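The next block holds one structure in the form of structure tokens; read it before the comments.
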């Protein structure tokens, strides 16, 4: 962990910030009980909380509802939880690339709610901003609109979509400090900062943990107030789903 | 009877360890000076900063770093800056543990009026309506009576409201008072040297007195 | 008749200078390879990047930098990354000038179906419902008929819809077709060597032919 | 203007981005006509678009509706426009510290709509996110709620507040590049990025303009897609309203 040095004369009375550090993934997920609703950050396998998923797997937690854009692949990401039948329900926008998922879905073991990707993002955001519901045009005139309230503003139709209500948000950041401040890298950002704002309890695993004062306040994507527990993850595999290169 | 510093000192005792706090302008700002040893607090300024520090030394004044009262400030290690929507987003999603603010009037059901006096120039509510609408816990710091000697603790507010049913506790120069869930001002503590009679006389709304009322320890 | 590259080449002519464009998976992705000289375009990937560049060299592959199709990519100078809410926010506030995507069916009033085949495993709509709900301009890149030889340009979509009244233009291996504001497929151009008769036979919905129909220039 | 150097081999085909540079403030505001609705960034005098305000003043534009958290002071910020009676209406959350403002308000020359600060922020955000309206609890039970639709979700009452619809958003950033990407500094960020997302035309003035590729994509607060015109401002005064220091 990097240690900061700041101009003590400039600050001249340090009011300590709020320490969020936990020892490891097992400690971070210790109170996740069977039947919990989890938000899990990531897009495909990019920016997923690898350490926490492994810790939940080892802990044996089951009957989970998972809100996550995707459901991983057979042997990685949320796919690991699916393999062991720990997931009761997935709320996602896209769930391809996973045979076990498909088997459980078709056999009726797994409940799946598919929603537009923007709606997934907005429902997280709504929770983080204290908005009970938002309006979106996505899905108007489609089966997604079934049973939903719709309303016309300025001649255009929108669906009313409610804020998510998740017990835990589990996110993965690039850097973080012990006050819970987070910075994400490239497209590994995706749903992570939105879910971090939305969880009743937010758990963040980071590639590099530093002391408060190292990260530039203007560069922080997720202020520490949203994060309840943080730890430095280890052995990140960062698997690539579609390695595409040019010569 | 307490002076402003005394009110701030008493409120400082209400601030719990490891909490996020928003301080209004005036007496609430003074609370930061009296926090007890070992109480870790992170102050939010609703114009976009978590981790507000003390005022800067003259050489370190930065026009880009101000608090919601437009005063120049510093940021502490661990601070983060953000836009106004995220700032009020964290207020409305109840991430702020405690809001301390001033008031012109509080009613016995927890309504608060602190932004507008009809007939006088109205400056606006700023962030006050947002803060009172969503705070988990609101403590009002104010004088018990106004300059005309009239009680500011009323059965019903006369002034236009800032928010309804939101105040939990009031600290004045005379007393600590809670709002009862079913309505009414519950007397919790007397200021040093202040009698129950004095508090009764200064309270226009329904004052509830259960058992012995201790004197404040500061 | 055009091959996939031909469809992409023809669509590339539709891309205007100084525009922000979102490309779907499949043929749309190929469009980037055929942009004309002097056409400045910024590609958005809805997972959170503006300024998508080409695929990386092997040594520069970064697992944290992918596009919405989960392929490894690079970012260009001037790129910016952001979260999924801002990404769909810029889509819904109509900052994206052009969306190019594939389809299973398009109806003569501009409805599009491209996410679900009842009875088959449904993978989900991803960002497609958002993109079609708010795009300023949508071009569909697809084959004129499906593998069973049935037309994909219908009076009414049989498959579950992705969005209603949103497609403006369709480019297939046979033709360029616009959706008339009052409904109907307006034939704009024929692919090289393709007759109007061929296009008529491959189009199940109402085909509108006004005057001479030129052959595409690529 | 700083010039970038990037690994051409890595990028290997540059698709040019979209150039937003204009020569100066006068050029940036040239098409703002009388009667326009403007959003102006800033909180107090912190982070205000000084150059554009001066250019609008010199251009003589009048009859403006200004959406801005504050109205400046008598001789700075939006106060300069008020002095010359260019403002028809202000939509703000707090308008103290300005005598001429008070005079015009009391005499009925100036129309003022006071709204909660969070509502101001959310109505900008709604416009930037393509949401026609949002729900907020701010102002429930007060005169702010008069004439507004309210609705109860989960036992709590919210007001429906509509997205702003402004002709121009005028913002001030710390750094920017010619593609329109913006980075803000400290609490000078405030409403600026929200308004940048919300304007039909967004004009950004920056303290330091650089070439594309200099700013880290992960640190950009406002992606260039939201910005239509950008220029490097000059002679920033950055007046301090309440200089408060400690010993």
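Worth a mention:
First chain written, first letter: the chains are A, B, C and D, and each begins at residue 1.
In this section, a residue touches a chain if its C-beta (ideal position, glycine included) is under 8 Å from a C-beta of that chain, and two chains touch if they have at least 3 such contacts.
Nothing here was measured: the structure is a model prediction, and the numbers come from that model.
The set of chains touching subunit A and also touching subunit B is given as D. The chain with its CA mean position farthest from that of subunit C is B. Once the centre of each chain is set as its mean CA position, subunit A and subunit D turn out to be 31 Å apart.
Averaged Cα coordinates give subunit A a centre that lies 30 Å from the centre of subunit C. Separating the CA-averaged centres of subunit B and subunit C is a span of 56 Å. For subunit D, the set of residues touching two or more other chains reads 12, 122, 129-131, 136-137, 184-186, 189, 217-218, 246.
The residues of subunit C that reach two or more other chains are 49, 54, 56-57, 75, 81-82, 85, 88, 91-92, 134, listed in rising order. Contacts between chains form some other arrangement here, matching none of path, ring, star or all-to-all. According to the touch criterion at the top of this document, the contacting chain pairs are A-B, A-C, A-D, B-D, C-D. Those residues of subunit D whose C-beta lies close enough to touch subunit C in the complex are 4, 6, 9-19, 127-131, 177-179, 181, 197-198, 211-213, 217-218, 220, 223-226. Of all residues in subunit D, those touching subunit A in their complex are 12, 122, 129-137, 153-154, 156, 158, 162, 183-186, 189, 217-219, 246. Within the complex formed with subunit D, the subunit C residues making contact are 18-20, 32, 35, 40-44, 49-51, 53-54, 56-57, 60, 74-82, 85-86, 88-96, 134.
Of all residues in subunit D, those touching subunit B in their complex are 43-47, 69, 92-96, 102, 105-106, 114, 116-122, 124-125, 136-144, 174, 184-194, 221, 238-247.
The touching residues of subunit C, counted against subunit A in their complex, run 45-49, 54-58, 61-73, 75, 81-85, 87-88, 91-92, 111, 121-130, 133-134, 160-165.
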